[in-house]
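Heads up, the next two complexes both have chain A, just with different partners, chain B and then chain C.
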Partner chain A sequence: MPDKPKIALYWCSSCGGCEESVIDLSEGLLELAERADIVFWPVALDSRLKDLEALDDGEIDLSLINGAIRLREQARMAQLLRRKSKVIFAHGTCAHLGGIVGLGNFHTVQEILERSFRDVPTVRNLGGILPGGSVEGSERGPKLSPLIDKVMALDQVIDVDCFIPGCPPPPELVGKAVWSVLEGKLPEKGFVFGDGKALCHTCPLLESKPEIIRVKRFKRVHETDWDPGKCFLPQGIICLGPATRGGCGSRCIQANMPCRGCFGPLETMEDHGAGMLSFIASMIDADHEDEIRRITASIPDPGGLFYRYSLPHSILGGGKGTET
Partner chain B sequence: MHGFEPKIILFLCNWCSYEGADAAGRGGKEFPSRNLREIRVMCSGRVDPRFVLEAFRIGADGVLILGCAPGDCHYKTGNIEALKRIPLLERILQQNGIKNDRIRFDFVSAGDGEKFARVTGEMVKLLKRLGPFDHA
Partner chain C sequence: MTRRIVIDPITRLEGHGKIEIRLDSEGQVDRAFFQIPDFKGFEKFCEGRAAEEMPTLTQKICGVCPTAHHIASVKALDALFRVEPTAAAKIIRELMHTAFIYEDHLLHFFYLGGPDLLVGSNDKGFGKNIFGVIGKLGGKIGKKVIEIRKRVRGLNALISGSPLYPVCGLPGGVSKPVSEKERAGIKEIAGDALAFARLCLNIFEEEVLSNREYVDLMHSEAFSLQTYYMGMVDRKNHVSFYDGEVRIVGPDGGLFEQFGAGDYLHHLEERVDTWSYMKTPYLKSIGYHGLCDGKGSGLYRVGPLARLNAAEGMATPLAQQEYERMFDACGGKPVHNTLVYHWARLIEVLFAAERMSEIACHDQLTDPGIRNIPTQTPQEGVGICEAPRGTLIHHYETDENAILKRLNLLVATQNNAGAISLSVEKAARAFIKRGRVSDEILNRIEMAYRAYDPCMACATH
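And then the complex of A and B:
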C-alpha cells in the first residue's frame, strides 16, 4: 500500500477557534483520517516535538498553521514546520493577517506584559514574574518563551503557500483547502480561499442596500433598535462588508450581526483599514468640519474597528509607540 | 532640532491648489519649497487614506492635502469628500503613534498664492518644532 499523504496541524497565538474549525469538519474529519496520516497535531493527538524533528525535510505534504506569531517559540515552530513541509497554509485570520492578537501592536511589549501580568486587578503575581524569565524555585524550568517585539502574521515569518481566511474559517472552506492538496489541485501561490468580491455581493440583505448612504450618527448595535431584515449601513450601524472579502457564507449577517472584517481586505486593497475609512467617511452626512467631527466622534475606537483583524499587515502596523 | 528640514508630502488638486502654488511662485511669495514634495492629483478627493499612510511609512515628516474652496470643486464635492476623511484619518494616525499636527487639510483657491505660502510656512514651522518622524 502506498504511503498516505502526511498532514500536520499546529497552533500559535490563537484562541483555539481554528482548531474547532477542523473538528467541525465532523464526518469529513474521519474521511480525512482515512485518506491521510495526521503526523503532528499537538492539540488533539499525542504529538511530540521529537517526532516532528525526526521527519525528513519536506516529508509532510501539508501543514496547517493557525494563530499569529507572538512568541519566539512560535516563530521557531513555524520555521521547523516550513522545513518539514511541502505546502504550508496559513489557517485562519491570525495566521493570515495577524488577527485580534495583532491589535497588541498598538502597544509595546512592556505595556502589554505590565498590564496582563501585574496591573490587572484580578491578577496576584507575587513574584512579579513576566514571560521570558524562568519560573522561580524551579531549577530545570519550565521557562516561559519571550515575546517578540511585534505580532506577526505567518507570512511575515515564513514562506506561506495559501491562506484560509476567517475567524474562524468556515469548516467547508478548511475542507476545500485541505482536499485541494490531497487531490493534487493546489491553487497558485498566494491564493486566498474565499471570494474575489466583497461580502456585499453575496449578502442576504443586499436588496435593501441603497446606492447612496448618508448618516448623521454612527450607532453600535446595543445603542439602537434596528430592522434585522435590512442593510445595516443606512441604519447607522457600521458593517464592514463593503471592504471585506466574501466567502464566509454571511455567518454574522445571518446571526443579525454586522460584518467585522475577518476575511480580510479585497484583493485590490493594500490596507484594510484605509479601505474601510474611505467608505465610512463617505457616509458622513455633513459638509462642515465641526459637524463632520461630531459625527466621527460617534465611532469610539476607529483603529480597533478598522484594523481589528489586520494590524500587523497594515501599512503603519500599529506604529512604535506614542509620539511625545 | 537644529538644522532639521522636514519633508512634507504635499497633495495638490489640479484645478485650484496647484494653481495656488503657481500663484505663490509668480507673486514672489516666500514659501518653504525645499521642504515640499508635491504630488499633483486631479482632485483632493482622490487622495486615498492609503496614500497618507504610505507617505508616513516611507519617511514623510508631515502630509499636507490642499483642495479647492467649498463650492469651487471641479467635480462638485470632491474636496468635501476629502475633508470628511480627515478626522477619522487623524485618529487612525494617532492610534498608530503619529501626532495630528503631522497631517493637515486646507482649502487653497487658484489665485490664493498668499494662503499657499502661509499654510506651507506654518506646517514647516510646526514640524521643525516636532522634529523628524521616524516610523522604522
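And then the complex of A and C:
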C-alpha cells in the first residue's frame, strides 16, 4: 500500500480562526486523518520543530499556512515549510492579503510596541522597557524574535501555490481546497478558491439592489435603522459586497449586517480598497464639489474600512523589500 | 555548566509558545520561561477606527473565542454611547455567549487539554489528541462530540451570522431577532446539549476520577499554586458569564475586592518583560513581587476554577450539585490545584447547557424590540464579560464622532500569565531530577499550562 499523502498545518501571526475552520470540518476531519498523515499541526498534535526539520525537502504533499507574517521567526517558519512542501496554500485572509493584523502597517513597529507596553493605562513600566530589549543587571530571558518592519501576506515572503480566502474561510471551502490536492486535482498556480464573481451575485438581498445607486449621505450602523430585507447600499449603509469575492455564504448578510470584505478583491481588481472606493464614488449624488466633500465626509475612517483586510497587499500597504 | 531544554513549539493550545528550562550543574531546574513569540498591536491599530466596527474588528484577536470579544466589545459600546440594550437584545447576547462557552469548553476537553487525562500516560496505542480520545472512548462518543459542537455552533450561526465570527452586536442591541420557529430549534439543541454535558461529567468520573494516577496529580503539590482568584458574579454572587461584578477572593477564600466594570483601573495593573510579548497583570493594591504565590503576591488566576473559587455558587441546580461535589472531593474552597481546572470547566459546561435551556424558554427571547439606537455623545466605555479562559476587559475612549482615540484590552488568558509561568516552573522543578527528561516528563510540564486552556493570540493581542 502506498504511503498516505503528508499534510502540515501551521499558523503565523493568526487568531486561530483558520484552525477552527479545519476543526469545523467536523466528520471531515476524521476522514482527512484517514486519508492523509497530518505530520505537523501544533494546535492539535504533539509534533515539534525538530520533527518538521527532520523531514526531507518536498516530503510534505500539502501545507496549509494561515496568519500574516509579523515576526521574523514566522518568515523563517514559512520558508522552512516551503522547502519541505510540494504545495503551499495560503489559508485565510491574513495569509492571502495580510488581514486585520496588516492594519499594523498604518504605524511603525515602535509606535505599536510603545502603545501596548508603555502607554496603556494598566501598564506600570517605569523603566520603559519593551519586549526584545534588555535591562541591565536583570536576568536574561530567552531570545525573542523581533517584529519585522511591515506586516506581509504569505506570498510576499514565499512562493504560494493557491489561496483560500476568508476570515476565516468557511469549512466547506477549506475541505474543497484540501480534497483538490488529495484527489490529484490541484488547480492552476495562483488560483483563489471561492467564487469568481462579487458577493452581490449570491447575496440574498440582490433583488433589491438597484442598477444605479445614488445617496446623499452615508449612514453608520449604530446610528440608523435599516430594512433587513433590502440591499444596504441604497439605504446609505456601506457594504463591501460589490468589490468583494463571493463564496462566504453571505454569512454577515444573514445576520442583517453588511459585508466588510474578508474574501478580498475581485479577480479583475488589483487593489481591494481602490476598487471599493471607485464603486462608492459612483454612488455619490452630488453636483458640486462642496456637496461631494460633505457626502464623503460622512464615511468615517475610509482607510480602515476599505483596506480592513488587505492593507499589506495594497498600493498603500508597503510590505515589500522588508527585512526578514 | 548549565543546560537548556527547549520545548518548541508547545502544543495543543491556541497560539504560539515556547518553554525554555534552564538546569544547573547538578541537573536541577534553575529557571523555566514560558515565552510567547507573537504580537499584533490591536491597541494601536484600532485607533482611528470607527467605534461601531469594534465588535467585529477586536474579535479578530481570537478565532477561538471571538464571541467573548464581540460581547465585551459591544458592552463597551453600550457604556460608550450610554445606551441600555433592550431586554430581548440582552437575552439574545447572553444566549450566544453561553452557547459559545459551552462548545469552546468542549473543544478544550476533547481536542486540546483533555487528551492529557483521557488518553493514559502509558497508553502507547493512541496519541494524546482528538484521534486518540476517539480511539479510547469509542467512535460513538467521538461522533457525539463532533455533532453537539456542530449543532451548538449552528445555533450561533443562526443568531449571529457565523460561529467563526459573530457580527450581530450593535450598541444598544443586536441586528437580528429570534423567531418563534427558531426558538423551537434552540430548545431542542439546548436540551441535547444538557444531556451531553451530563455525559461529559460521567466520562470525567469514569475516565479521570477513577484513575489513581490522575487523582494523585490533582492533589499533588507539583500542580498547586496558592493565588488570588477572579471571576464575574451575578447579584447572588453566583458564576455569571455575561454580566455582573468582578469578584476577587484571596488564597484563603475570603473576599478581597469586588468591583464594577468602570472601576477596573483601580484594581489591576500589568508589567512588561523583555523576553516575551505577554504582559503580566497583578493586583494593584498588592503589587508585583516576582513569580511567587501566596497572600503577599499580587498574582491572581482567572478561568473556570478561578470563577468557581471566586463565586459563592452556581446559578442553576445541576451545576450547583456538581459544584458542591467538586469542592467536597477536593477538601473545600478554594481549590488551588491547577489540574482541577478540567473538572471546573465541565461543571461550567453543565451550567452553560442549563442556562441555554432557561433562555430558550424566556418570554423576551423572541421579542422583536432588539435595538435602542444611541442618542448620547460618546466618550468612554468599559465592557467586561467572562471569556471561557477568564475575565475579559475592553476599554474604549473616542472623540465626539465615535472615532477611537485610545483602547485598553485586558484579555482573559493574559490575567493568568504570571500563574502559568509559575505553574510551568513548579512542574519542571517537580518532574526534572538530575537532568533526566523524557517525552512523558515534558508532557507533564505541558499539562501545567494546558489545564488553563490558554489562548496566546488573546494574551498577546
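Some observations on this one:
By our rule, the second predicted complex is superposed on the first by the 301 of 324 C-alpha atoms of A that agree within 3 Å, B and C clash if a C-alpha of one lies under 4 Å from a C-alpha of the other, contacts with A are read in each partner's own complex, and residues count from 1 in each chain.
Criterion: a contact is a pair of C-beta atoms (placed from the backbone, for glycine too) under 8 Å apart; a residue touches a chain by one contact, two chains touch by 3 or more.
Here the structure is a predicted model, which is why all the values come from computation and not from measurement.
Because the two structures share chain A, they can be overlaid on it, and in that overlay chain B and chain C fit beside each other without clashing. Chain A is touched at more residues by one of its partners, and among chain B and chain C that partner is C. In the superposed model, chain B and chain C sit 140 degrees apart as seen from the Cα centre of chain A, a figure rounded to the nearest 10. Of the two partner chains, neither chain B nor chain C is touched by A:182. Legend: residue contacts after superposition of the two complexes on their common chain; A:302 is shown touching chain B, with no touch to chain C.
In the superposition on chain A, A:148 makes contact with neither chain B nor chain C. Shared-chain residue A:120: touches chain C; no touch with chain B. Once the two complexes are laid over each other on the shared chain, residue contacts for A:315 go to chain B alone; chain C is not touched.
Applying the stated contact rule after C-alpha superposition, one finds that A:255 touches chain C and leaves chain B untouched. When the two structures are aligned on the shared chain, A:106 is found in touch with chain B and with chain C. In the overlay built on the shared chain, the residue A:80 is in contact with neither chain B nor chain C. Minimum Cα separation between chain B and chain C in the superposed model: 10 Å. Of the residues of chain A, those at positions 106, 303-304 touch chain B in one of the two structures and chain C in the other. Against chain B, the residues of chain A that register as touching in their complex are 106, 270-271, 273-275, 277-278, 280-282, 284, 286-287, 289, 292-293, 296-297, 299, 302-304, 306, 314-323. Interface residues of chain C facing chain A in the complex, by the touch rule stated above, are 6-16, 18, 20, 31, 33, 35, 37-41, 43-53, 56-57, 60-64, 66, 77, 81, 107, 111-112, 127-131, 134, 142-143, 146-147, 149-150, 153, 157, 159-168, 170-172, 175-176, 265, 268-277, 279, 281, 288, 371, 373-374, 395, 401-403, 406-408, 410, 443, 455, 457, 461.
Those residues of chain B that touch chain A in the complex are listed here as 48-50, 53-54, 56-57, 70, 77, 80-81, 83-89, 91-93, 95-99, 130, 133, 135. On the chain A side of its complex with chain C, the touching residues are 11, 13-21, 23-24, 26-27, 29-30, 33, 42-49, 70-71, 73-74, 99-101, 103-104, 106-107, 111-113, 115-118, 120-125, 129-135, 138-145, 147, 167-168, 170, 220-225, 228, 251-252, 254-257, 260, 300-301, 303-305, 308.
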